[in-house]
Amino acid sequence: MTVMQVVFLVTAVVSLGGAVMVVTTRNLIHAALWLILTLFGVAVMYGLLSAPFFTVIQVVIYIGAIAILMIFAIMLTRRVKQEPGSSVNKGWWLAGLMALVLFTALVWMLSTWPGFQTTLPELPQDFDSIKVLGAALVSTEGYVIPFEIASVLLLAALIGSVAVAWERKS
Amino acid sequence: MEPSTIVWLLPVPPLLAFFLIIFLTNRNKTFSHLLGITAALLSFVGSMVIVTLAIRSGHLGEEPFTSVINWFPTGDTWFQIGVWVDPLTVATLFFVAITILMIFIYSVGYHNFGQPKGDHDQPGLPPHGATLEDEHGHKHRVPSIEPMYSRFFAFISLFAFGMYVLVVSNNLLTLFVGWEIMGLCSYLLIGFWYAKPSAKAAAVKAFLTTRIGDVVMLLGLAYLYYLAGSLSYDVIFSEETLHLLTSTGTPFVGISAAVLIGLFLFFGTVGKSAQWPLHVWLPDAMEGPTPVSAMIHAATMVSAGVYLVIRVFPIISAGMQHGEPTITMNVMAFIGAFTGLFAATIALAQNDIKRVLAYSTISQLGYMIAAIGIGAYVAAAFHLFTHAFFKALLFLGSGSVIHGVEHGVLHTGEDIDPQDMFNMGGLRKKMPLTFWTFLIGGFALSGFPFITAGFWSKDEILADAFAHANWPVLIVLAFAALLTAFYTMRQITLTFLGKSRTKSAEHAVESKWTMTLPLVLLAAFAIIAGWPGIPGDFPLIGGFIPNFVHEFVGETLAEHPEAITFSWIPLLISLGVSLGGLALGWWVYRDIPAGAPDPLEKPLGPVYKLLKNKYYFDELYNYIFVRPSLWLSQTFTYLWLDRKLIDGFLHFISRITFSLGSIFRNYIDKPVINGFGDFVGESVKRIGRTGRFIQTGRVQQYMVMALIIAFGTLFYYLFILSQP
Amino acid sequence: MISLSYFLVFAAALFCIGLYGVLARKNAIAILMGIELMLNAVVINLIAFWRFRSPEMITGQAFGVIVFAVAAAEVAVGLALFIAIFRRRNTIAADEIDLLKW
Amino acid sequence: MSDPVNSIAEWLRTILASWGLSEGLITVILAVLGVVILATFVLVVDILLVWIERKMVARFQDRFGPNRVGPYGIIQPIADVIKLLIKEDIMPMGADKFIFNLAPIIALATVLLLWAVVPLAPTVIGADINVAVLYVVAIGSIGTLGIIMAGWASNNKYALLGAFRTVATMIAYEVPMIIALLIPVLLARSMGMQTIVNAQSPWYIFIVPLAAVILFVSSIAELGRTPFDISEAESEIVAGFHIEYTGMKFGLFYAGELLHALTVSALIATIFLGGWRGPYVDQLPLLGPVYLFIKAFLVYYLIMWVRYSFPRVRIDQMLGFNWKFLTPLALFLLIVVAILDKAMADVNTVWYVLVMLGANLLIVWGTMMILRRYARIERVRIAEERPVARAPESDNNELVGQE
């Protein structure tokens, strides 16, 4: 058990526990807070994978923007504090079954893949993944077109969400 | 920039203006007329640049500005189009550009720009005037703005485009294109007030009449293209082509191809320039707005006909030996001279101020045609040149007069025709500017000696006729000139001199500067346009200015025409007829009281009635052509052929088909095909009714279902299908 | 030593939990949370493959960035939609928004 | 003695190693030690800040401020702390207990976390990570979370409204803030704090003053201090998100707010004012923190100055200011700086600085012109006659449009 394994396991347990709470908690605000915990765990995972940039933008985007927006939306769309009735629909057992089947299938199929047990390779010397990523995202040899399309998508989403949520005064 | 590049660009601004007005600015009158005038101004400036360059180039006759591009492939060669500027083009371009610009400016005033909207004006009718209330509560009626103002500018822009295309093109086909564009525009413009039945009829008449000429002309073009293989000027006017044309025979005995083509092309001119027997459309065309009359009947369209015959003069004169005129030329001399006299006589008895001018135009065009017929190529071009200025001036002046009288009509509320000269009189004091310019134009038309441009050009035609010893033409033309002077003076006297014969005439006012400015400018040209054509050996004043027209325009032809020597006889004739006619006209009409009949009515008797009714040509044509064709179409073709014979046959077939159809329907379609179709439809419906409950509208159920299916498929492919 | 399998199994678990949330929860925002979990699992996979299989090529991270952008856009539009729906129908329970049916 | 902090660390490392502890454990112990020392230090400074703030506000408002407890009232904060500690801890009815308790902790902790990336001296920094600037933004957004938790868990409508306002403004003002932060990142070509500090010759405020101003303004908004303190606007929503908090829980919010201001000042000082840079700092690294704190307090003084000089704005004005003015301006500035930087790759430093400065001033001038125009239009719009509300039945025209 190396330090890394310990950190991984702790994080994994916390994140998955948080995730389970997200999908099971009846109180939506709590669900959102659990979601933040899970997202935080995932951020740590990125750190373990030596992707600090992703750690930080996970926090900025998912926690700082998405989760908070969700809390915002929950507060805006809540009439009473607790919605009556079950928080899951009638087919929840089928959904759980599907998730279980999918998980089993995924793990089984991955385990038959020879690369499954790849160990951690050393990063190249003086490897600054942010620099490389930044260059790749705007280089014409790299991913400038997906990057620009993503920008356009964001703009479209910005305009679209404003248009959709606009309250028209009649 | 190459001169030819500018030439290419000349027709472009009016075309652009046309489209811009139609598509963009037609709601805004100010923008529309600014666009139109800017375009005309651009083309004008370009034309003047071309004219300057051409005059400075010195030997334009041998080396015209020309440029050619391929247009469409004809077999393994290309049909080429291009531009061509030779001295004739330059002369035409000069007066076309000026008159078009003037007419554009004039139209602004004529259509009452800046006046209020009419009380009950509507598109398609001339403006009826608007009622204004001043601060004292007095209501008074003023002219109102033309409701289709923008459309007018669009049309005349297109018209200008057609004219520029016609003038600068280097081949007869694009010339014909411009010719036809103008034909279309003249139709649109004559019928501009389309809600007036008379205007509508006039438009149709003009269109159909000129169409006859155009079709014949197209035949000529086709024949020419068939023989020469090209329509470009440099090819068809070359020695070889002309030789080929004269040496080729035709099915008509004794007529060479050159003669036939010449006659065909000339017939196009007869239609366009309103020569007898196709002259009937032009007087009726006066139904259009006055700037249109000026545009069509003075500067552009009718001159296009003369321009064409001058242009194709090499073909017309091909085979001319020792000064003997060809058959074509003889025909032209006859028709021209005849029309000249014939129209002049009609003009004597017309009361409508514009109609008089229309007949005078026909007459003057006849002059030019006759001049070409006797080989006086340069004189014809010269007269075309001067005539454009003073006739445009006269038309615009008459428009100004009408406008003034209309103002009076609006003011007094009288119910009179503002175009009838017998309702005018004494306008000299009310509209001084119009009077003086009209006087200059009228004197130019009559050939008032020495001062006016008309004198020099008309004198040159007479001198040519004299030099060619063509006595019948000389006599006829001289007589026509006498009549011209007479009816011009009649017109001036009736309109401007004496006392006002109606209250409206008393209340006439001078027009706005947009109308009078073109008048003044054109009046100046009506005088100075003659100076470049003063014969060099004319006594006293000859030789101050070199006989520019002769030197310059004559260059166009391969062999320069001989300058005729000066002779006293034609000079005396023209002096006599013009001064005599003018004096006579003034004497007869100097003092007509209100309501009096025409003083000529009694002495001439039935002849006057004949003249008044234009020799009954309209009725004749109606009787010979219109009624029979109506009968043919309505009675013979429609009732007998179509309704009885063809329809009967068709009804028979239809009855058979119908019964056959009902058999099919009742015994095959209904039981077999419909039954099957209904069965399929019903089954689908039943399945749908059963299966629609799957669609619950709940997204999550769909997703679960999709997942189940995906898993099932995956399972099937991975475990069952991939088993060996 | 830690191996690729750790991250893959973790991501698979996260994905399936998210999937359950998407399929089973009533509240639309909760569904959106499930989708976020699934997207996160995907990004973990991308980064893990990058780190373990080809650290010298940046492809995995580049796609991760794009997934982030897509996720942000999706949440923005999704929440806007929910708010609009809530205004009109006074509920955002997924099984009550079922007008689009027979 | 050139680098006392690292020397002490080395010394401890050898001592611990001699006790037979493993390498990894030593690193962890040293790191924990560093965190404890730094956190304690800034929290002590925080207590001092209370006094500074109260003294300052008194001066601005022409009062004396605390002057009873100790010389110049300097012991006053201690008295305040004791009072807060012994006050009753009230839990409102219907509150979400866990979250209610967690919120103030998060609020203070996030502020402390920011100190991890502030370089104190050339060799002393909590963690010289290469995404430090983004880290600052990330931690800031967690701070937002603390406020929203507090507002929601209190089960109080004023608290919730305050939280709403906070979230709206914080998410909005993050945009110009990130863009303004991008400009020094662009100039230094790194997001690491040490790299940015090392790259500052001269300080970035002399190269891109406008970016510093934008960062300053948006930071004040993030802090939620006057004129942007609409999340706790007393006249509208009483005390905002912390209305239900009492005792030391309130104290944590209060301390967090003050410390946040100082932290932001330190960050601005680091990014735009050269951080620990100053004379003789190469010879004597201990001067670094001194310089840094001098600069930080300078910025802090500015923040206070603004706070006690400007009236509060309305929420719509605040958001409008952000979206219609600050964000476009920041974007425009970013574009201009990027283009100029690329264009002047080979120009010597003096010219580079002069051109950049000139461009900034030009943009400021242009912005002023546009603002003047806008203000004129606005004045006309406000001055013009507007319909006056009146009773439905009354048809008395004299009531309408009184000039």
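First chain written, first letter: the chains are A, B, C and D, and each begins at residue 1.
Here, a residue touches a chain if its C-beta (ideal position, glycine included) is under 8 Å from a C-beta of that chain, and two chains touch if they have at least 3 such contacts.
Please read these numbers as outputs of a predicted model, since none were measured by experiment.
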item: Taking each chain's C-alpha mean as its centre, the one farthest from chain D; value: B
item: Cα-centroid distance, chain B relative to chain D, in whole angstrom; value: 81
item: Distance between the centres, which are taken as Cα means, of chain C and chain B, whole angstrom; value: 75
item: CA centroid of chain A to CA centroid of chain D, Å; value: 28
item: Whole-Å gap between the CA centroids of chain C and chain D; value: 33
item: Overlap residues in chain B, where contacts from two or more other chains coincide; value: 698, 700, 704, 707
item: Sequence positions of chain D contacting 2 or more other chains; value: none
item: Chain A, residues touching no fewer than two other chains; value: 53, 57, 65, 69, 72, 89, 91, 94-95, 98, 102
item: Topology of the chain contact graph, where touching chains are joined (line, ring, star, complete, other); value: other
item: Those chain pairs that satisfy the touch definition; value: A-B, A-C, A-D, B-C
item: Chain D residues within the chain A interface of the complex; value: 24, 96, 99, 129-131, 134-135, 137-142, 144-145, 148-149, 152, 160, 164, 167, 171, 174, 191
item: Interfacial residue positions of chain C with respect to chain A in the complex; value: 1-10, 12-27, 29-30, 32-34, 36-37, 40, 43-44, 47-48, 50-53, 55-56, 58, 61-66, 68-77, 79-84, 86-87, 90, 92-95
item: Contact set on chain B toward chain C in their complex; value: 692-693, 695-700, 703-704, 707
item: Chain C residues touching chain B - in the complex, by the definition given at the top; value: 22-24, 31, 94-95, 97-102
item: Residue numbers on chain A that touch chain C, as the complex places them; value: 2, 4-5, 8, 12, 15-16, 19-20, 22-23, 28, 31-32, 35, 38-39, 42, 45-46, 48-51, 53-54, 57, 61-62, 65-66, 69-70, 72-74, 76-77, 79, 83, 85-92, 94-96, 98-100, 102-103, 106-107, 110-111, 115-121, 123-124, 127, 129, 132-133, 136-137, 142-143, 146-147, 150-151, 153-154, 156-158, 160-162, 164-165, 167
